[in-house]
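Common to both upcoming complexes is chain A, partnered first by chain B, then by chain C.
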Partner chain A sequence: MDLQPGDFLFELWQARFSLWAGIVATVSSSALTILASTLCGTLLGLVLAYGGPIARALARLYVDVLRGIPVLVLILFTYYGLALFGINVPAFWAGVIALSAFATAHVAETLRGAVESVPAGQMEAAKAIGLRFPQRLRDVILPQALRRMLPPWVNTGLEVVKGTTLLSVIGVVELLLASQQVMARNYLIIDFYLTAGAFYLVINAAIAQLGAALERRFSYLRY
Partner chain B sequence: MIDYHFDWSVISRNSGRFAEALGLGLGLAVLSLAIGCALGLACAYARLSGKPWLAWPVRGYVELIRCTPLLLLIFFIYFGLPELGLYGMDKFQSFVLTLSLYAGAYMCEVFRAGLASIPKQYVEAAKAIGLRPWQRQRWVVLPVMIRITLPSISNNLISLFKDTSLAAAIAIPELTFTARQINANTFRVMEVWLTASALYLATAWLLAALLRRVERRYASIR
Partner chain C sequence: MAGNVLLQARKVHKSFGETEVLKGIDLDVAQGQVVSLIGASGSGKTTFLRCVNLLEEHDAGEILLDGEPVGYRMEGGRRKRLSEAAISAQRARIGMVFQQFNLFPHLTAEENVMLGLTRVLGKPKAEAREIAGHWLARVGLEARRGHYPYQLSGGQQQRVAIARAVAMQPRLLLFDEVTSALDPELVAEVLAVMQQLAESGQTMLLVSHEMLFVRDVSHHVVFMDQGRVAQAGPPAEIFGNPESERLRSFLGRFHGLFAL
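Moving on to the complex of A and B:
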């Protein structure tokens, strides 16, 4: 089979390095965002659930504000705003910071819901056998809460992967912008949008599978 | 801390543009939600029809839309459809089409869950008093279903309103696009983006409060 320039497969082969770089950017920004937001979100969620009145009010304000602003605005704000304060981070990092700030709010809210859905008796029983607060949290509440948190956490992960497309707006060459740059060379608009869509489907399906596997793995934590 | 001098006059000078942009975003969201609800309801009935040739394509549509980034859909429909021979849509129509398709997939899931949660006795009672199939849907199933799904519908409206910010990518002059433009022209970074954020936030909160009132008003059936 001989492929001509202008054939989809020929152009796809020509574009393999650009697209691969785009996939790497998409996956790495998603992974960094998911990691950072899971860590910060868990802490913030614990503040929401157990913090003192002032800490809780501040955390609530953060969560409600971040959830009320579109991610694109957050990204643009971070990108232009950080530069203003003399922090010259590359667009990639500005995007990761903005996405993480957004996802942190979602994870925090999810964790709060999960912690509060653990029956009060569990906390009382843990108190009754003399565990201190960190122990109660680590050994009793969190194992149960994290199990309940898995499905919405996986959903947040999917949202983050989809959200990384917005980084293209500030010039990060992730999968979408990489595809568009390829299209600008060969005008195979339909083919390469479908290709990009297929890649996103694969990435998201992989995350969903991973989430399902984790849920099966921890399904014994049911009560 | 860098010394940054706030100059809010840029906001007051452009307040008309901000207001127009906000209205446009709201309009796009409401219009898309309306079309999306109709589409979603049809899809939900198709999913529950028990006919595989109806249910499976709808399932594919829902999964496809939910796994694809919205920005990709916007570009695909705006730049891709003309390639396929569908000319004549301006950017507004193209965006409303995209957002409606997007909302339709989410509303389909909402309505499917809502329809599935209606107690069987309601339908049996409706049968017993002699209502025809479409009358049962119109007077018994749908009114209850709408009340059950109202909170999800309002959540969807708020998230669609936030999603209208992506219209900036195809140069629709809504709030994000306007803010970006004013930012580029004046470079009053903080003022412009704080205003845009505050406007989004205030609108989202107002919508939420308003819709919660509507929910309370119609929460009579439980």
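Moving on to the complex of A and C:
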């Protein structure tokens, strides 16, 4: 079979490096965001659940504000807004920071809910054998809470991957913008939007699989 | 009361909001003694136990363990709350077994017992495993050491919970209605373990509705009514010669049990 310019497969082959770079940008910004928001969100969620009144009010404010603002606004603000204050953040990192700030709020709320759903008797039993607060968290509460927050955490991960498409607005050549640039050369609009969609599906299917594997790993945790 | 007094409660008060649940409890537990709290629901038995283990803080009066105030120290004539670390250290000397078992569901029976040994008492893993094995054997569950709580029956879970508490070698062991959540046919196995412990000289303070068990095992029985100690004495006196109308009517509910 001879492939001609204008054939989808020919153009796909031509565009392989651009698309690959887009995939790398999407996957790396997603992975960094998920990592950062899981760490920060867990800490913030613990403040929501156990912090003193002032710390808790501040954490609550953060979560409510960040969840109430469109991610796109956060991204534009981080990129252009910070520049106004003389802070120049490269577009990629501005995007990762904005998405992480947003996802942190979600993870924090999820963790708070998970922690509070662990039966009160668990904390009491942990106190009764003399465990100190950090030990009670690490050895008793968190192992149970993290298992409970797996499904919503996977959801947040999927949202983050889809959210990286918004980074195209500030010029990050992630998978969507890379695909659009390819289309601008060959006008195969439908083909390359479908291709981009398929790549997103594959990435998200991998995350969902990871979540399912983790759930199986913790399946012994029953009441 | 004979022997060394281990736990001493004087005029202990506790309120939840407007409701005063404990209205001045006086109670002594001597070393090696088994003391039982009986009374209707809402009489404050469980709240008192929880105050002893600092799961609740009493508002007034004092609770002394080995002569040392539980939960606070005196500083210039005023109560000052102990640090988190000091409170945890006090709790480690008091074991507690709960009505709902409260085993850690993500840990095996053995790991449940080991957790306090390694984390609180700082024992090496191998030694902790050995101790856990010893106590699981004592409660008849050595063969189940690798099982998770959901794989065990209620009675077995409660026996693991007892092993977890007693493995810490607490000065005092608290039992909060530990058979109330169990199917009737599983109660006996748990009571048997408790009886064994009592006979071994473990100091125990228990809340129970198992009147025959209370009568047979206790050295001292305290009848609580509406946040006060209504009558206290040796079991023969409490069950044989109930002074107050309240106690008579309370024991009347277990009518037939004592005719045997």
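What we mean here is this: the second predicted complex is superposed on the first by the 223 of 223 C-alpha atoms of A that agree within 3 Å, B and C clash if a C-alpha of one lies under 4 Å from a C-alpha of the other, contacts with A are read in each partner's own complex, and residues count from 1 in each chain.
Keep in mind that, in the parts below, contacts are C-beta pairs under 8 Å (C-beta built on N, C-alpha and C of every residue); 3 or more make two chains touch, one makes a residue touch a chain.
Worth saying up front: this structure is predicted, and the values here are computed from it rather than measured.
Colleague: Who touches more of chain A, chain B or chain C?
Modeller: B
Colleague: Let me test your reading of the model: by the given contact rule, A:Gly86 touches which partner, first (chain B), second (chain C), both or neither?
Modeller: A:Gly86: touches chain B, not chain C.
Colleague: Could you look at A:Gly6 and tell me whether it touches chain B, chain C, both or neither (first, second, both, neither)?
Modeller: A:Gly6 sits against neither chain B nor chain C.
Colleague: Give one of first, second, both or neither to describe whether A:Leu201 is in contact with chain B, with chain C, with both, or with none.
Modeller: In the superposition, A:Leu201 contacts chain B only.
Colleague: Per the contact definition in the header, classify A:Pro143: touching chain B only (first), chain C only (second), both, or neither.
Modeller: A:Pro143 sits against chain C, while chain B stays out of touch.
Colleague: Check the residue A:Gly171 against both partner chains and state whether it touches chain B (first), chain C (second), both, or neither.
Modeller: Neither partner.
Colleague: Report the residues of chain C in contact with chain A in the complex, numbered from low to high.
Modeller: Touch residues, chain C against chain A: 53-55, 84-85, 88-89, 91-96, 98, 100, 102-106, 115-116, 119-120, 148-150, 161, 164-165, 168.
Colleague: Please name which positions on chain B make contact with chain A in the complex.
Modeller: Residues 2, 4, 64, 67-72, 75-76, 79-80, 83-84, 162-163, 165-166, 168-169, 176, 179-180, 183, 189-190, 193, 196-197, 200-201, 204-205 of chain B touch chain A in their complex.
Colleague: Note which residues of chain A are touching chain B in the complex, please.
Modeller: Contacts found on chain A: 64-65, 68-74, 76-77, 80-81, 83-86, 158, 161-166, 168-169, 176, 180, 189-190, 193-194, 196-197, 200-201, 204-205.
Colleague: Quick one: which bits of chain A touch chain C in the complex? Just the residue numbers, please.
Modeller: Within the complex, chain A contacts chain C at residues 119, 121-122, 124-133, 135, 139-140, 143-144, 147, 218, 220-223.
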